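The block underneath contains the structure these notes are about, expressed in structure tokens.
Chains: A, B, C and D, in written order; residue numbering restarts at 1 for each.
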Amino acid sequence: MNPLDILYGAAGVWLAAGLTGLLAGSWRLGLRACCALSALAGAAAAAAGGWSLVYGNTRVVAPGPPTIVGGPLQLQMTSLAGVFVAVLGIAAVAIALYAPRYHEPSRGSAVYLAAYHLALLACLAVLAAGGMVTFLVAWETMSLACYLLILRHLRSDETARGAFWFLALSEIGFLLVVAAFVILSAKTHATELDLMAARGHLVPGGWRAAAYLLALAGFGFKAGLVPLHVWLPEAHPVAPADGSAFLSGVVVKLGTYGIALFAFRLVPLAGSWPGLVTMGAGAVSAAIGILYALRERDLKRFLAYSTIENTGIIVTAFGAAMVFHAYRLPALSAFLLIAGLYHVANHGCYKTLLFLEAGVVEHATGTRDMDRLGGLVHRLPRSTVITFVGTLGIAALPPLNGFVSEWLIFQGLFQGFRTGSHLAAILIVLAAATLGLTGGLAIYAFVRGFGIPYLGMPRTPQAAAAREPGQPVAGPALLAVACVALAVGAPVMLAALSRTARTVTGTSLGPLLLPGKLTVIPAHADFSAFSPTYLAVFLVAACAVPVLIYLAGRPRAASVSVPVWDGGMVSFRPRMQYSAMTFSAPTRVTFDALYRPSVSVRRASDDDPAGRSGPVHYEAQVTPVFERYLYRPVVRAVEWLADAIRPLQSGDVNLYLLYVFLVILLAYLLGAV
Amino acid sequence: MPLWFIRGLRRGVVTTRYPARPDDSAARLPTPPAFRPGQLTREVADRLVAVCPGPALSRRDDTLVFDVGACTGCGRCAEAAPDAVASSGEFELATTSRSVLIKEIPIRGDEP
Amino acid sequence: MTTQAAAIRGTVTTRVPAADLEKVTADLAKAPGTRLADMFASDGGITVLRLVWARESGYLVTETEIEGGQYPALSDIAPAAFVEECEIYEQFGIRPATGKPLNRLMLPPHAGPDFPRLGHAPAQPPQEVHAPHTVGGQAFEFPFGPVRQVGVESLYYGLVTSGEEVVDVYLFTWHKHRGVEWRLRGTTPRQAMFFAERAEGLSAVAVGWAFAAAAEAALGVAPPPAADRTRAVALELERLYNHAAAMAALCQATGLTVGQSAAEIALERLLRVNAAAFGHRYLFGVIEPGGTARAPDVAVLRRELPAAYGELRRAADALLRTNSFVDRLEACGILTAEHARRLGLVGPVARATGLTVDARRDGPYAAHPVTVVTADGGDVFARFQVMLGEAAESVRLIGEFLDAGTAAERTALPAKGNGEPGSGSGLGWAESSRGEVLAWVALDENGRITRARLRPGSVRNWRGFDDACRSQNVFTDIPIIEASFWLTAAGLAR
Amino acid sequence: MNPSLDEAEAARRLRDTIAAQFGRSLHIRTLDTGSCAVCEQEIRLLSAPHYDLHRLGFFFTPAPRHADLLLVTGPMVRAFEVAARKTYEAMPGPKVVVATGACALGGVYPKDPFVHGDVGQVLPVDVWIPGCPPSPLALLHGLGVAVGRLAEKTPGLTFIADGGQG
């Protein structure tokens, strides 16, 4: 009995769920049955993942016949994948609880459920792949399944466009990953991952570097590393809520898994530069991701950019871990790996939560535009509370989980001076500073992302008409609980992760990390210490004290309640409250070098000699730098190439016969040689 | 700032000591009129009522009713009947009851 | 067009047929050195529209009888007429022949058709169509007022802002409408003076003088020269204390408390000089139709004014040497001469853009000419410099007037107007610290007012305020700009 | 004519409360209900060096929520009535309303469709300060009376110049 066996069960149930969905998903009952199975399997997968953290790697097994592309189906459960499997499981449970209320039973929903469970299986297979063929097949299957996922609501060509962005970039990434694997297997004469890792020393340094960089770029497309990120803000808004939750919570994480897989398992790299490159890419992604998030009005585009930020943070941690490894600091390396994996778990929880709640908001109001929302706290109280928990988490505010992992990452990066190399130290500190900026901006962004839609007055009738009954609650609530658990239960989580780190890197820092029951000493014995548990408890207590004091000393006199002081105005209108774009105007002014905003002001008074004022139209557009200066040229080149080779496809039979003849001739000549 | 600091020191204190001590700048303020009942005849009273731009003055048969609160201290009454009206010189007129601001001036002047 | 020369103090009144009004207005608007100073209507059975044009030679009043409740869209020819178009619409119900929206200006939202007006109620009440509302949610409206900071008048601003810079500004001005022009009807000029002074208390002398001059013109009398000089002394004293108050307000807006205290010391001393010289801190009751009610205490003026002005001067010098203060003023709230001309701005605001707009040309000023202080740049700092220059000029003028002699004299007003049609009306003007004040009075044969028009300088200059605030200014500039304009809501709403 | 007893009684009780509640420090919110801008100028001068009302423990506050005393000027324009009531309701009790200047006491504008003509028509006035405008000294005296720190002279005054001998 080992984690893998449980995963077999989970996979089987998911398969059954997918079939149920495909066949019966167009009836409410079938939908519910499918989701029930899915939740069951998710729970199993989560358990398996959690177990494998402490269990270590299982043996590679090759059940069943060779796969369609040849090569056996090789499966293995590693504790590096454990975190990801657990996240996959939890997300699956939450989505399964959420979907029945979100989706109207129809043929579309049936196909969607099938595609979704196919994607689940593919992700599971990627994580449980013991051989490169299995990995690649699963990876490609996942991409295609997610493509179908995004196409669920084919409202406009905007949907098709977003889905196409996803598919195109996934395929490019896939090619790079294939190249990386081919190099490794060619040099090590192995397809099994363990074998590749064992024979890693056979690979010449140059090829190693090439393979790693190819992998970094290839997985970077999935993980959304800047500038390979452009599919996220395009695909997430058009996908259904649970679909985009799955994309952000799980699929994007697989990108980081791939990077970790190459960095820590397959390619033992020499020299610190690959680590520095990885760390730099992560830091840049984090900063640019949050900066673009601040300019978004669409709730889901905003969350998508924040996903870019978070994967950036994770990759930064992995990169720093690689650097420390290169400088013979195994403890620090292992520690940062732990911190990164912790952040993977955290982000998997709260980002899934936030996307699901964004779906609730869209469901209830029919819009995702923050500037058309407002005042939802009175209309959707339960989802407001849940969103608030998720927001605290993602804004990395204590006592929630985001704070724990980001704080650990900072503690690790602050150890940069121990590398002994000035360059590395400076670069690591720079990365830390960038993450600091990112953290600050993230708080700013999520004050905005929570305050504008949920607080204040409703800006539109639709927002005012939002109602809670019928909205899904259980799924996001589960994730909220998970967020709290990840914060309060940090020591447990860290203990488990230190086992993982020992399995992956062979360094054990359990006693160093957790001297007491609840106290964590991150990074280094004499640097810092804190206890997330006590922190959470005492923060809550600290909030309770003033409340108690108030309740104790409440004035006995009858209190009068009067309306808000509005300066004696005639009437206070919704247009008089801070809007999402005005709230983030200061960043637009500060970072205009990045945004290159184009401001257009049109006043009724401008074209009127008498200077009457009247309707004012004020728009500030941000230049999409990457789309315009990076991707558009590529697209143009491809189109040009397509035009260039069109004459070959003339449609003339004789011409085709000529081609056939030439090919045969060529083959004959080659055979003759 | 040092510039302002030195200016301030050179400038010295200008603040009044009122209400602890009376302030002599009060002497030049416009104040409500005070009447000489001996000089007031009905005819004079009516002239005063007519010349008052506001509702401050009115006559109830043999009393001139003077609403100090409504008086703007414009001085037209003093101008209209200099011998019957003088300046009261009072400026500390604030009160907690509106009614005490309404004064009754007896008309004692003998008709010609 | 038939010109009948009723040239009293440089005023020419002309009848213009409704058919020619558009053409005449266009010609006058294009004529060099001509400026549309005011436009108002009067309603004696038939509505008469009057345009007041300021020229080098004096004022030109065109009278046009309006039938059918419509007249040409004058604000497209002479944009300065826009506010008056709105006012005439809500007071008389006649509107320019244009689809352009007309703002609510003075009558409150609850004012129904039976609300007292100077003429007939408009067909449908004007709305706050001028209130800018943003499209696309990239800017929002920052409501401010009517109950604002401590010790300021009630006024409502809507600031449209993108978070940092001010995109647009608009005002609601009806909170303080007291119907002054309405309640002047049927009173004698002497009674009316009581309200005229209180239309804009901070320029009681200027408004009072303009009103008195209008009444005198209507009755065909002129005040004695000594009384005229007395009025001028009071007017310049008023200018002095207003400029001191504006300086204090500027310091407050820029957060320079020490400077504010210094300016307020000067202000208080100037007010005490007023009280000593004329018996009232704000110079109420000095002017009355036909002359002046009080003469200044010359000895006190000669003794105390230089000291009080010295305070002002020293405070100003210290301010000019305070960079943190000057930096806030420069390039803030810029208005161009083109703006000023187009919107018909007056007073220091216009003179700070380089225009030489000043109503102090005739009467006592004919013998003691004013050197008009101007500046270019049109920003707050330019206005500040203009104010300082004018303060010095005022002190000089007061000296000259005192030498020439002042007295509390008055020319007896004829009890009855000479009820011929066309006469019995007159225009008066004065230059307040906020700019040119105009008054127009029509009397019936009993010498009672049938229509009185009061136009303080504030009415004109608030038009420039929103233009000055728009663009390249951030939130914190607005109090500075408002202080540099130093206008009153009372004068605007009347 | 003497004030009716209950009126005097009420006034006395109010004075005691005020003196007890904010004898040392009192915060003032001003309210312009249609004045001619001169009363505002005088009120601003209260904080000028010549008068400096802070030395007496009075402070201006822009927020009615923090204000104990409402200093009202102007004849209470009807269009402003809502704003005036809102301001008064926004103040926490106990609160004092001081009508300032002839306009606010009904000395300038009669009651008509434009104005109520008298602040007392809308707000419960506790202290009246005559004058057009009331000079800063008069205002200081009025504030002193409002907090029961200064005695009021008016009841004793007759406005009769000489003993009345004819």
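We take it that a contact is a pair of C-beta atoms (placed from the backbone, for glycine too) under 8 Å apart; a residue touches a chain by one contact, two chains touch by 3 or more.
Given the structure is predicted, the values throughout are model-derived calculations rather than measurements.
Set side by side, the interfaces A-C and B-C show unequal numbers of C-beta pairs in contact, with more at A-C.
Comparing the CA-atom centres of all chains against that of chain A, the greatest distance is found for B. If you average the Cα atoms of chain A and of chain D, the two centres end up 64 Å apart.
As a whole-number value, the distance joining the C-alpha centres of chain B and chain C reads 31 Å.
With centres taken as mean Cα positions, chain B sits 80 Å from chain A.
Counting only residues that touch two or more partner chains, chain A has 566-570. Multi-chain contact residues of chain C (touching two or more other chains): 109, 146-148, 154, 194, 261, 265, 268, 281, 284. With touch defined as above, residues shared between interfaces to two or more other chains in chain B number as follows: 14, 25, 29-30, 54, 72, 74. Per the contact rule defined earlier, chains pair up in contact as A-C, A-D, B-C, B-D, C-D. Those residues of chain B lying in contact with chain D across their complex are 14-16, 18-19, 23, 25-26, 29-30, 32-39, 54-56, 66-74, 85-86, 88, 90-106, 108-110. Per the touch definition, chain C reaches chain A in the complex via residues 75-76, 79, 81-82, 100-101, 103, 109, 129-148, 154, 156, 160-164, 167-170, 342-343, 463, 466-467, 470-471.
Against chain B, in their complex, chain C makes its touches with residues 191, 194, 258-259, 261-262, 265, 268, 272, 275-276, 279-281, 284-285, 293, 314, 318, 321-322. Within the complex formed with chain C, the residues of chain A that make contact are 297, 369, 371-372, 459, 566-570, 572-573, 575-586, 589, 599, 601, 603-605, 608-620. On the side of chain A, the complex with chain D involves touching residues 560, 562-563, 565-570.
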